[in-house]
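For reference, the structures are reproduced in the following blocks.
The two complexes that follow have chain A in common; it is paired with chain B in the first and with chain C in the second.
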Partner chain A sequence: MSKIKRLFSNYIFLRVIRAILTVFIVATLTFFIVRLMPGNPIEIYIGQLMSQYGMSFQDAKNQAAALFSIDLDAPLSKQYIIYMRNLLRGDFGVSFLSQGTPVSLMISAYLPWTIFSVGISILISFTLGITLGMISAYKRGSIFDHIMSTIAAILSAIPNYLIGILLLIIIGVQLGLIPVSAMRGTVSPGVKPGFNWIFIKDIFSHALLPIMTYVVSTIGGWTLSMKSSTLNTLGEDYVTVAKARGLPESRITFAYVGRNALLPLFTSLTMQMGFLMGGSALIESIFVYKGIGWALGASIAQRDYPVMQAVFLIITIAVIVANFIADLLYSKLDPRIKIGGE
Partner chain B sequence: MKAKEILRRIFIEPLIIISRDKAGLIGFIFLLFILLLSFVGPYFIKLDTEVKLDKIYQFPSKEHILGTDNQGRDIFSQIVNGGRDVIIVAFLAGLISTLIAVSLGSLSAYAGGFTDTVIMFITEIILTIPQFPLLAVLAAFVRLTNPTMLAFIIGFLGWPALARAIRSQVLSIKERDYIEAARVLDLGRIHIIFSEILPNMLSYIVISLIMAMTGAVYSQVGLIILGLVPFYGHNWGLMIQLAWTRGAIFYKGSIFYILSPIIAIALFQWSAVTFTRSLEGIFNPRLRAGE
Partner chain C sequence: MKKVILTLLSLLLVVSLVSSAIAGGQFNGAWPYTPPPVGHFNSYATNAITLGMYWDLIEQPLAMYLWASGKWMPLLATKWSLNRKTNTFRVYLRKGVKWQDGKTFTAKDVVTTFYLGYLYNWAIWRYIDKVTAVDDYTVDFHMAVVCAPMVLERYVLRTQIRSDAVYGKYASQVIALLNQGKKSDSDEMKKLRAEFDQFRPDKMVGTGPFILDPKNLTESEITLTKFDGYWDAEKIQFDKIKVYNGETPVVTPLVMAKEVDYATHGFPPATEKQYIQMGIRIIRPPIYSGPAIYFNHNIYPFNLKEVRQAIAYAIKKEENAFVSLGDSAKRQIYMTGLSDNLVPQWLSEAVRKRLNKYDYNPDLAAKILTGLGFKKGADGIWVTDKGTKMEYELLVPAEYADWAAAAENAAEQLTKFGIKTTVRGITYAQHPTEVRAGRFQMAIAGWGSAHPHAHFSYYTDLVTYNYPSGLGPGMNFPLTQTTKSVGKVDLDKLITQSAEGYDVLQQKKIVEKLALAFNELLPIVPLWERYGNNPALDGVRVTNWPKEGDPIYKNSPYADNFVTIMILNGTLKPVTK
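Let's turn to the complex of A and B:
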């Protein structure tokens, strides 16, 4: 009994349960959106097959069932169970447009690029942002602080896709610094994946504009939060005591102030990951960077429902997994979390 | 509280205090300017819809303050007439989000126990689902043929973060003496929430409303740019979408055409955020200490 009780009050265990439950709820939600919404895609598709190709209702229905990997004659509850079973096997059905291509194959082609570009961007933006924020806090009231804070406030207020379009217009079109159309896609044709300079250079040049967009649009937020977090920490008693003890300035800056000021930012990090993964639908569409976000935009525009359904689910799962990892990291960095619960 | 008192507390007092904060004042002036331009401007400047092929992509002049677009139409008239729909949808969506957030957040904090756990659990889950993709997917199913529909969908998905914030606000107010007194007097839950707790959070709710509006502008314009909102009419988002899909952004001379709506939206977002940030500083003196 006490073992079970301890398990349930375990921080990591609770997080795992919540992550799994969220995935389950989202999967259920997508199932019912596709099946129950007015003008649901399956009925529309059957109607299309009947009117365009002169199929009989039964034939059209069979083809639709094959596409969605759903048995349409079964009651909704049974369809739901089959859908869930297929999901667990990683079977998302087949694409409408590129007929015969399994959706799971498309996802494994698109997802890595989004994780790559968003991951690198967060790393750059977070590192730069906290550095600038800390400098601003230490030099508060200086010209550097005023300029940084103003720029940061402006950048963090502008929607990221508008920053993307601005970068495209200014760097690509007006100044002509980079060949915008050659940089579309994720990798140049003919370049073979591998751990060599040509490939690495190529993928970075393709991801350059999306990465720049993510970094420019998020760096302001990090700078501002790090600045206020550092200022709060500077007022803490343990910092005063450390100074009184005559500890070296660098030790106080990094081990006492820096580390503690960083902690509250970790929760925003998880929010940010979700936001960027979600916003990738827009950013990747603007630059025609073929990641999962681009796939979402394209599948919605073309009403390719099996792809759309799966891509949405995958984006959500990616966000949940990212959140989960960040949570684990956070509990490692701040042991108080594990004991206190919330 | 009497209406006059409420009016004074939400509008007059902040104005007096905000005039002391430079950034907040600039934000407020810009916000007011954009609102006037978008809601009063259209009565004076009519939308230019006449195609004039001899006047394509003109640079700013006395005649056309912001130049002309790819069909020779005046850009300034498009900016003046393009803000109203965006702002109305944002306001409606923000209002819906705030209403849901305030009701659920305060209920959660006040009721506590099991109700609190359930509401917060649901909130956390909705918060984890990436909002923009969900909106985009829903837009594929619901024909967003009118602005009200769009506002409702954005509003119904935008409340979770706000609800969490409201909950912690209520939790802190709940412990104060006058609430304790009201509880001892047995004034009833509804009375305590609506007459004792919420009025003390009015400023906070106004701030939340403006923040929810900026969130709604983000989603709304994003959906329009992706081409997922087929409602006709004219607005800043549509201007960007047209410039993008017709390839105008790849033409050097189109700079004023594409830049104008981008700056309009960016300016609205920036001034709203700056204004609320300084409002926050006013209402939360503790934040100011860290400045």
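Let's turn to the complex of A and C:
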């Protein structure tokens, strides 16, 4: 017993070390890659003022003067050491483009909204997807299966931002079923955050369109994966044996087929953690939803290096932690799999 | 008795309904902004929530410019004058103006505004060395370098005035450092600037007719509410201005849903067409700039003016304009590097007659090239007298849809003529860097400037992407040239001189010289001038839009927006229901 315990501890220890190493590598790569991107915050700002507003170079340069306090000419090695030193202290630095605004403050303002909208949509999409996928598999060859599979294939092929725009234009503008302007953003003006019905109702109404978009754009993938996985499971010997033993159909469906068919999808679900933390820059921009994806999109457009680095790092950590948790949970879901390869 | 009460109640109801319809007017606009915590209310620092054209309604400037008449509309200033003996520009301020926090507007606020501008190297400080409050309502700007009155006027009058109560403590530190002889590049000044960059007032306090209350701000919209203490409050017809946040793709559905009364975003021609079909009017104000073909003059034969002229003849500029931006692009008529809208103001009739319009003439273009000893090969491509094929790359910022379309069309037309041109789109972020570094053959970049003084247009045309900018060789066009039209010229010197001194007639002569030289040399080939395609919704919330052709629409929407002016002078009115 103590041997297994020791091994278990050792395995976790190794995984933790590996995770830290991955985070370190990603942090380093991100630091250098964002600086390799064409242009810098000052050039971009001046260029935008000139091309968009017909501003003269002198005036644009003056307007961008506030940005010149950014020391982009400091040696890269020096910038890197400062960045890593701050990172070890949990300090992501301050935004280049809004001097004095800590990146951590920005993340704490944006991230909860992404977790809220994407989290709910993953939950809905996953639940609906696996249900529909299972039904399709059970009704293989039926009209329902054909229709479902076709719809799922179409939906999974359409980019989510296109679905977002279509929802907005068709439901909001053409049909006028929803108030387009009132549903933008995360919360209505004047609604104070708190655990009360007004606030909860308000944030759900604002998140409705992003959630619908995420669900519509991902449900097809879950449905098809679950259908395929269920079909494979239905052909397994233990299902035939269960049927031969005369077990109730509901028990076979949920305990034998459903549980086993779900296992491969579980890995995909954990991978969605990155999406949960990163959101979608395009969707959040379309609906003016103050999430982390929006912040990332804006920071990339403006080359706000500290914000970009922080968001990429958070996504990486989220994926690593989710995988780690998935590994641990896998053994619980499937007793055949043992931690540490035993 | 019962009847009388009922009649009175009905009257009261009617009156209240009518008055609420009039007083409750709302104007809906759109402008991109960054919400807190990145966005903030320090209107000097980047990412401040200033709302572009709506800023003038919150932190009001001293005056706004009416482009068609060349006159100013006084706001916080009542009059101004230039003392040519003492080189002083004196501004008399409006009395009785209150800040939104109840304090009185005085000369101190103006002094504070400009000294904090020194911290950010505002262009005006290239000419002035001192701003002094003569008394509570008079401010003097002393010029160390004499510049054109129009240039100085614009720098002074068009600046949004900030509250001394909010910013004064930083301005006084700037003044103290200047008194100690510390300049803007001193460590002390840099330190102060870094500190001030981080200053975050909890709200924006202005003198304008609308209040930006952070409570009415979300990431999707801001509602500005009327400031009853505004000095000209009776002219303001709207109680609220709602500004939707977002760039073009985000604002488009709102315009289509008739939720936006006016927007300045650059809408694609297809979207614009849909707006028109929906009954939304499109206003096309001049932007005073547009795209041009820039040449790398280090590359033979782009250093020959005849080749550049041939290229100008080989492109049907009307077609290029239309395919790029529909009715919101107009070919350059005078080809002077100055907006055609500014030409009557700067160039005499006699000079205008001397200008070559470079109308489409491929035969003449071919004749010019043949005259240089160039020959057309069997493959239809021109070969220079040095034996090199005329095959080039045209660099364009890929994200700018209208410029990219202009590049594609120009390349197509040039290839058809026999100058094989391939478009290479690169990210807008890298494009200026490549052009400034001279890493291009031909490139699309901007010409002109939304400034009424011609100096700024010529600076953009000849300096911004050229070696005098100090940011790289750029197109490397030598600014000392010998021309047929005006003889030997130093264009760099002429550009500087065009904004110096008080003699406006002398400046016009210099600008005429620049225009003639540009027209002959064509260092760059302007393709077209951009006009806005601003949707203006009539009759839903807002009415009384002036008819097309009204002089107010000559105002640049990004420099002195005509809607802002029409809200201030009461032209635009709410719909009464």
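The working rule: the second predicted complex is superposed on the first by the 257 of 342 C-alpha atoms of A that agree within 3 Å, B and C clash if a C-alpha of one lies under 4 Å from a C-alpha of the other, contacts with A are read in each partner's own complex, and residues count from 1 in each chain.
Keep this in mind: a residue touches a chain if its C-beta (ideal position, glycine included) is under 8 Å from a C-beta of that chain, and two chains touch if they have at least 3 such contacts.
Since the structure is predicted, the reported quantities are computational estimates derived from the model, not experimental observations.
Asker: With both complexes overlaid on chain A, does A:R303 touch chain B (first), chain C (second), both or neither?
Answerer: In the superposition, A:R303 touches chain B and chain C alike.
Asker: Could you say whether A:A261 touches chain B, chain C, both of them, or neither, answering first, second, both or neither?
Answerer: Neither: A:A261 stays clear of chain B and chain C.
Asker: Just to be sure I read the superposition right, which of the two partners does A:V118 touch: chain B = first, chain C = second, or both, or neither?
Answerer: neither
Asker: Between chain B (first) and chain C (second), which, if any, makes contact with A:T316: first, second, both or neither?
Answerer: first
Asker: With the two structures laid over each other on chain A, which partner does A:V216 touch: chain B (first), chain C (second), both, or neither?
Answerer: A:V216: touches no partner chain.
Asker: Looking at A:A281, would you say it contacts chain B, chain C, both, or neither? Reply first, second, both or neither.
Answerer: After superposition on chain A, A:A281 lies in contact with chain B alone.
Asker: Just to be sure I read the superposition right, which of the two partners does A:A64 touch: chain B = first, chain C = second, or both, or neither?
Answerer: second
Asker: Tell me the contact category for A:I203 with respect to chain B and chain C: first, second, both or neither.
Answerer: Neither partner.
Asker: Taking the superposition as given, does A:L166 touch the first partner, chain B, the second, chain C, both, or neither?
Answerer: A:L166: touches chain B, not chain C.
Asker: Need the overlap of the two footprints on chain A, from chain B and from chain C, as residue ranges.
Answerer: Chain A residues touching both partners: 37-39, 165, 168-169, 173, 180, 285-286, 303.
Asker: Chain C touches which residues of chain A in the complex?
Answerer: Touching chain C from chain A are residues 37-39, 43-48, 50-59, 62, 64-67, 69, 95, 97-101, 105-106, 109, 165, 168-169, 172-173, 176, 180-181, 184-190, 285-286, 288-290, 295, 298, 303.
Asker: Once bound in the complex, which stretches of chain A touch chain B?
Answerer: 18, 21-22, 25-26, 30, 33, 37-41, 150, 153-154, 156-159, 161-162, 165-166, 168-169, 173-174, 180, 228, 231-232, 235, 274-275, 277-279, 281-282, 285-286, 296-297, 300-301, 303, 308-309, 311-312, 315-316, 319-320, 323
Asker: In the complex formed with chain A, which residues of chain C make contact?
Answerer: 34-40, 44-47, 120-123, 190, 193-194, 197-200, 215-221, 223, 244-247, 249-250, 253-254, 256-257, 259, 266, 287-289, 397, 400, 403, 426-433, 446, 448-451, 456-457, 459-460, 463-464, 469, 530, 556, 558-559
Asker: Mind pulling up the chain B residues that touch chain A in the complex?
Answerer: These residues of chain B touch chain A: 23, 124-125, 128-134, 136-143, 214, 217-218, 221-222, 225-228, 240, 244, 249-252, 255, 258-259, 262, 265-266, 269-270, 272-274, 277, 290-291.
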